[in-house]
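What follows is a pair of complexes built around subunit A, which joins subunit B in one and subunit C in the other.
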Partner chain A sequence: MIRELRFLLRDRAAMLWIALAFILSATAVTLGLAEVRQQQAELAEIDRLDRADRAQVLSEQSDWGGAAYSTFHLTSDPPSDFAFAALGQRDVSPWKHRIRMLALEGQIYETDATNPDFALTGRFDFAFVAALIAPLLLILLLFDLRSGERAAGRLELIEASGAGAKRVWRTRTILRVGGLAVALILPLWIGGAVAGTSVFTLLAAALAVTLYLAFWAWLSRTAGSAAHTGSVNLTILLGLWLLICAVIPAMLTQAIDGAVPLPDGGDIVLTQREAVNDAWDLPKDATMSAFLDRHPEWEAQSGIDRPFEWKWYYAFQQVGDQTVEPLSRAYREGRAERDRLVGFASLVSPATALQRGLERLAETDVRASLAYEARVRDYHARLRAWHYPNLFEDRDFSVKDADGLPAFDSGDAT
Partner chain B sequence: MNAAIRIAREEWRQWRRSRLAVAALTIFGVLLIVTSVLTAGDMLDARQDRLHQQAHAEATFLDQPARHPHRMVHYGHYVFRAPAPLAVFDPGVDAVTGQSVFLEGHRQNGAMFADARAQARAGGFGDLSPAALYHLFLPLLLIAIGHAVILREREARTLGPLLSQGVTGRQLYAGKSLALLAMIGLLSVPALIASLSAIPMGEPVSTALGLYAGQLLYLCVWGALIVLVSAIVRSRGVALGLLLLVWFVTALIIPRIGVTAVGTSLPADGKIVSDMRMKEDIRKAGDGHNAADPAFAQLRANMLAEYGVDTVEELPVNFRGVVASTAEARLTDTLNDYAEQRMARERAQSDGLSAFGWLSPYIAVGAASRALAGTDLATHHRFLREAEGVRFDFVQGLNAVHAEQLAYSDDINRSSDPQAERRTRVDPKNWKVLRDFRFTPDTADVRIARAADSLLALTVWLFALIGLGLWAARRMSP
Partner chain C sequence: MTIAAPAIVVDDLHVSRAGSPVLHGVSFEVPAGSVYALLGGNGAGKSTTLLTLLGFLQPSGGSARVLEHNVAADTAAVRQSVAYLPEAATLYPHLSAYENLDYFLDLAGAGVDQGAVDATLDRVALQAEARGRRMETYSKGMRQKVAIALALLRDTPVLLLDEPTSGLDPVAIDEFNALVRSLSDEGRTVLMVTHDVYGACQVADRIGLLRRGRMVGTFDAPEGARIDTETVHSAFTGRSAA
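Then we have the complex of A and B:
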């Protein structure tokens, strides 16, 4: 073992790939930490601006209806302490929303997106290095293990040593895979220590990465034979890399998206808009009775006498949301269903499994993004529940009472 | 020259005999064809859907019943961006930007419903398009097939005899390059078909062929690099390792590190932050719903003086409509300022990223390909600008109706007086202020000009590598 380790340390090509793995992992972790810090800083800045803005807006109001119309509320999904390792869905899904008490369906699909060219290129995070780059490095470390010895004329010599030969290959493979794993995981753990990640998460991530590398080591061993030259082995392994890291995931995306169609997003906002706008022309009773289906408690105060009253205005905003509820729910359930199918599919797609696992640990996956959306919906419902008594009981506006407005708790999981 | 052709032909015979080469080519060919068909299908569907949705949105707007014109300002309108014909080859930023925008008064909304957000997230490199295959993975195939073109002769000890039989190093270089070029030509056929298939959909021939030429140029850069490495390196293992390292660094690492580098050196504010900053400015511009807003005192004084009357009630036009129109114009100036700032920053970021094309041909070909296909960020920005144009026009059209066809007294009493409210509803023929919108890609010249820098980077790469190759070929020895 020690002798083999000395061999490995003297193998310049092998050390180059391991060193490269360390550098790439360290870079990915550093960039990930910087990105997370930037997101946190942006959230802190928005939070400050949001409070100042709301205080200013509330000070200009004269009634609760206007106050509810003009005040925005910040909701956010701050990065977890492991988000630096897998930024995941955060590049394409919103992690901050400012909402107000109008129909939620018109607001919740807005995305405060980054530069599309960036999202298109992708991030250099640890998940990318571990799932897509590490297998390549591993292939480069292992493809020539036996064929190289053969080319050097030593294969027969090693094989001839009988029972020992197997052990030699095994030891060499384990040392290389181990070296690669350490080179990848060490920066991750240091990053985790900086970010305050829990030990469990770090261990789970390390385990996942090690298992993934073990799979690749097994594959290289199975697919690469000593009978071929090194470059033939390498070509075959590159083909497998392409298959497992690019083709299979893309096919899964295509197949799952095809199997679970989603309602067209445009239809949701369009239907919502029609419902909200039609309400202006409908008899007020039609709106109010649809509203009372959900809120029978306001029956006594639901009479609308003038052409415009705030309680009617907010009632039809809510009815607008009610109208698209089936579509909106189908859209959410469809996304959840797609994600569930990806979960099954990851059993046959190791690259998917690792990326998904890391994103789960980092809470940057589809599930986390849907959970954030659910929290925003919850909060919006609380906002309505808080405002309705003011509107229906026709209370006088006071800035002091507005202190009681519910606040979004970015930590409250549902 | 004959010697070169003979050498190239011999190389092809070798490839045909290699099961690995034939298998790799076949698999890749199938992958290319399947991806091309699937992408083309998706894009054509999307195109049809969005053109249909656009027509539907326009019809719905025009079909609205009589109402207060300001209600139509809030009713709003949708515009859709149908993918460019060449999106069948390179969908570009389409999947990450979203292709519909809701237009309404007093607001500029962003594009909604990016596909990438709702897609099944299966990891890997995401969805594959023909462009992604060409840019990212075809170089790998070329490396696998071509890394030994010259090395093989060296390892089989046939290089010495060849050179001593009067074949010069340059002829050998030319022959091997020709063999690889023919391979590239063969592999580029699906790209050619995809490009040509866009022409019947209205794509100019120049951009269609330009897009194809860009791919060819990029693959030739790789071909030249492969022959060069094969000429100067002494063992297959080293040649493969070296070429893979170059691929690795230029295609996987530099682009993503470039994203972070540019993102950090040119940070862009999110929309929420800039919206909040903008709100400060807008407060100064005044609220167009409230004609009594002090921001309009000057306007009122001017109008009263102009018409020689004492109260707004006596004005021949509805002062509320005038206020709405003025406020919208002022507001739009501010909105446009911020939108332009945001787009300028995004453009600077994208230019910064494209500049990495001098380090990585992968970035250069991506930028060139998206620009030529009309699926780049600049095209998306133009879509946003044109959408804003549509928005401003119909809102101001409705505000003009508001000012000219409504009586001020009815307008201010409509919240309390049902009779007045009825009189403020105008005839639906006024909804014709909405103009038709069909988004088309930029003209060929504009797109070619935008791709020029990246194409230049690729050309420089190609000539530099060929120059080095010729230099190495002259010094070639067994």
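Then we have the complex of A and C:
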């Protein structure tokens, strides 16, 4: 082992690939930390503005209906302490919404309509380096392990060397894989120390990366052969890399997207907008009875006598949400179903599995994104529950009472 | 010449490479402590014979034994007791002679002490000042000398040397021949492959002449004398002796 370690240290090409792995990992971790810090700073700034703006707006109100209409509330999904390693859904799904008492679904999906999927290949984060680039470097480290010795006329000399020769290939493989793993994981752990990641998370991530590299080492050993020339081995392994890291995931994604169609986020926004706009022209009773289906407790106060009343206005906002409920549910269930299928697919797609595993640890996966959406809905429901008594009981507005407005709990101190 | 138990026994050996037969029933014996030179033209099957003895190629017929170990079945034991000098021996160019020897001897599980290494490099006449330099700066003959030194330092009872003198200058060849004789005197068995009729006659106790995968002649050194170069040369080139 010591002998082979010294040998590896003198192998310039191998050390170059390992150094490159370190540089790429360190770069990805640094960029990830910067992105997370940027998101945190953005949230802190918005949070400050949000509070100031709300205080300002509330001070100008004369009734609860206007207050509910004009006050925005920041909801956010702050990055976890491991998000720097795998930004995952944070690149494609919103992690902040300023919402108000109006129909909610449109407010949630509005961002989707203006936010096309730009992260087709994924961002250059640690997960990307580990899942897609690391195998490439591993291939470069291992493809010519035996064929190179054969080409140099040393294969027989090594294998005829008796006792130690048997273990040579295994030891060389382990050291190269180990060196690559250390080069990848070290920057991750340093980044983790900076971000305050839990030791468990860092160990789990290291284990995942090591297992993934072990898979590739096994594949290189199985697919590459001393009987081939190095370039044949390299071609075979690069083909496998392309297959496993690009073709298979792309095919699986396409198959899954085809099997589970999603309603368009934009459709939800449009449908809701139409429902809300149409409500102005509908008989008020129609709106109110649809509203009362959900809120029979306001039956007694539901009479609308004037041409415009806030309670009617908010009732049709709520009915707007009710109208797109099936679409919105289909959208969420579709995303969850796709995610579940990707989970199955990752059993046959190790690159997907690693990326998913890291995103899970980083809480940047689809589950986390859906959970955040659920928290936003939850919060919006609390806002409604808080405002409805003011509106239906026709209470007088008071800035002081507005202090009791529910606050969104981001579940994390930013 | 004393009759010793054979260290190497090759019996009716048939070997094919890439589907075509290369050795067509080769038989010979190398007595322990003797020097045997396998002589033959390009493509005769000399290297193939050595590779088969080391278990890198499987016989399709016949058998071969080294120190009583069947080469096909007991490969590990054979490799343990044999030092092999490959035909185109290239050690690691980015390592020095010292580092290469250290690496390969450690690989073979042989203990090395620096004194023995230097003594052996002296024996093959590798310049002292070159020994710590990367081998990519060596000439062909210098590289060959280090490879020979490696085979010697393995300190095994049997040596299989494939064209050990290729790349060596005439002085170095003479020194090498003397070296091989002294190995034999130490009781080690040497099977060497060569094209060099003169050199073979200088060192060998017995010469086997291989032609297109068949043993076509055997020449023994008379008691207390060397094999006659003229006789072997004529047999090798196919011309009758004058």
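Rule of thumb we're sticking to: the second predicted complex is superposed on the first by the 392 of 414 C-alpha atoms of A that agree within 3 Å, B and C clash if a C-alpha of one lies under 4 Å from a C-alpha of the other, contacts with A are read in each partner's own complex, and residues count from 1 in each chain.
In this text, contacts are C-beta pairs under 8 Å (C-beta built on N, C-alpha and C of every residue); 3 or more make two chains touch, one makes a residue touch a chain.
Predicted model only: the values in this text are computed from it and were never measured.
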{"item": "Touched partner set for A:F308, first subunit B, second subunit C, both or neither", "value": "first"}
{"item": "Contacts of A:G153 with subunit B and subunit C, given as first, second, both or neither", "value": "second"}
{"item": "Contacts of A:G178 with subunit B and subunit C, given as first, second, both or neither", "value": "neither"}
{"item": "Dominant toucher of subunit A (residue count), subunit B or subunit C", "value": "B"}
{"item": "Which superposed partner A:R12 touches (first subunit B, second subunit C, both, neither)", "value": "second"}
{"item": "Subunit B/subunit C common contact set on subunit A", "value": "none"}
{"item": "Subunit C residues within the subunit A interface of the complex", "value": "51, 54, 56, 76, 79-80, 82, 84, 86-92, 94-95, 99, 103-104, 106-109, 154"}
{"item": "Complex interface listing, subunit B residues touching subunit A", "value": "20, 24, 27, 31, 38, 49, 53, 57, 60, 65, 67, 71, 74-76, 78, 80, 92-93, 95-98, 100, 102, 109-110, 112-114, 116-128, 136-137, 140, 144, 147-148, 236-237, 240-241, 244, 248, 252-253, 255-260, 262-264, 267-268, 270-273, 275-277, 279, 346, 349-350, 353, 366, 376-377, 380, 414-418, 421"}
{"item": "Partner subunit C, residues of subunit A touching it in the complex", "value": "3, 7, 10-12, 152-154, 156-166, 168"}
{"item": "Subunit B partner contacts - residues on subunit A that touch it in the complex", "value": "13, 24, 27, 31, 34-35, 38, 42, 45-46, 49-50, 53, 74, 88-89, 92-93, 96, 98, 109-124, 128, 131-133, 136, 140, 144, 148, 229-232, 234-236, 238-239, 242, 245-250, 252-254, 256-257, 260, 262, 264-266, 269-270, 273-274, 277, 280-281, 306-308, 331, 334-335, 338-339, 341-342, 345-346, 349, 351-352, 354-356, 359, 365-366"}
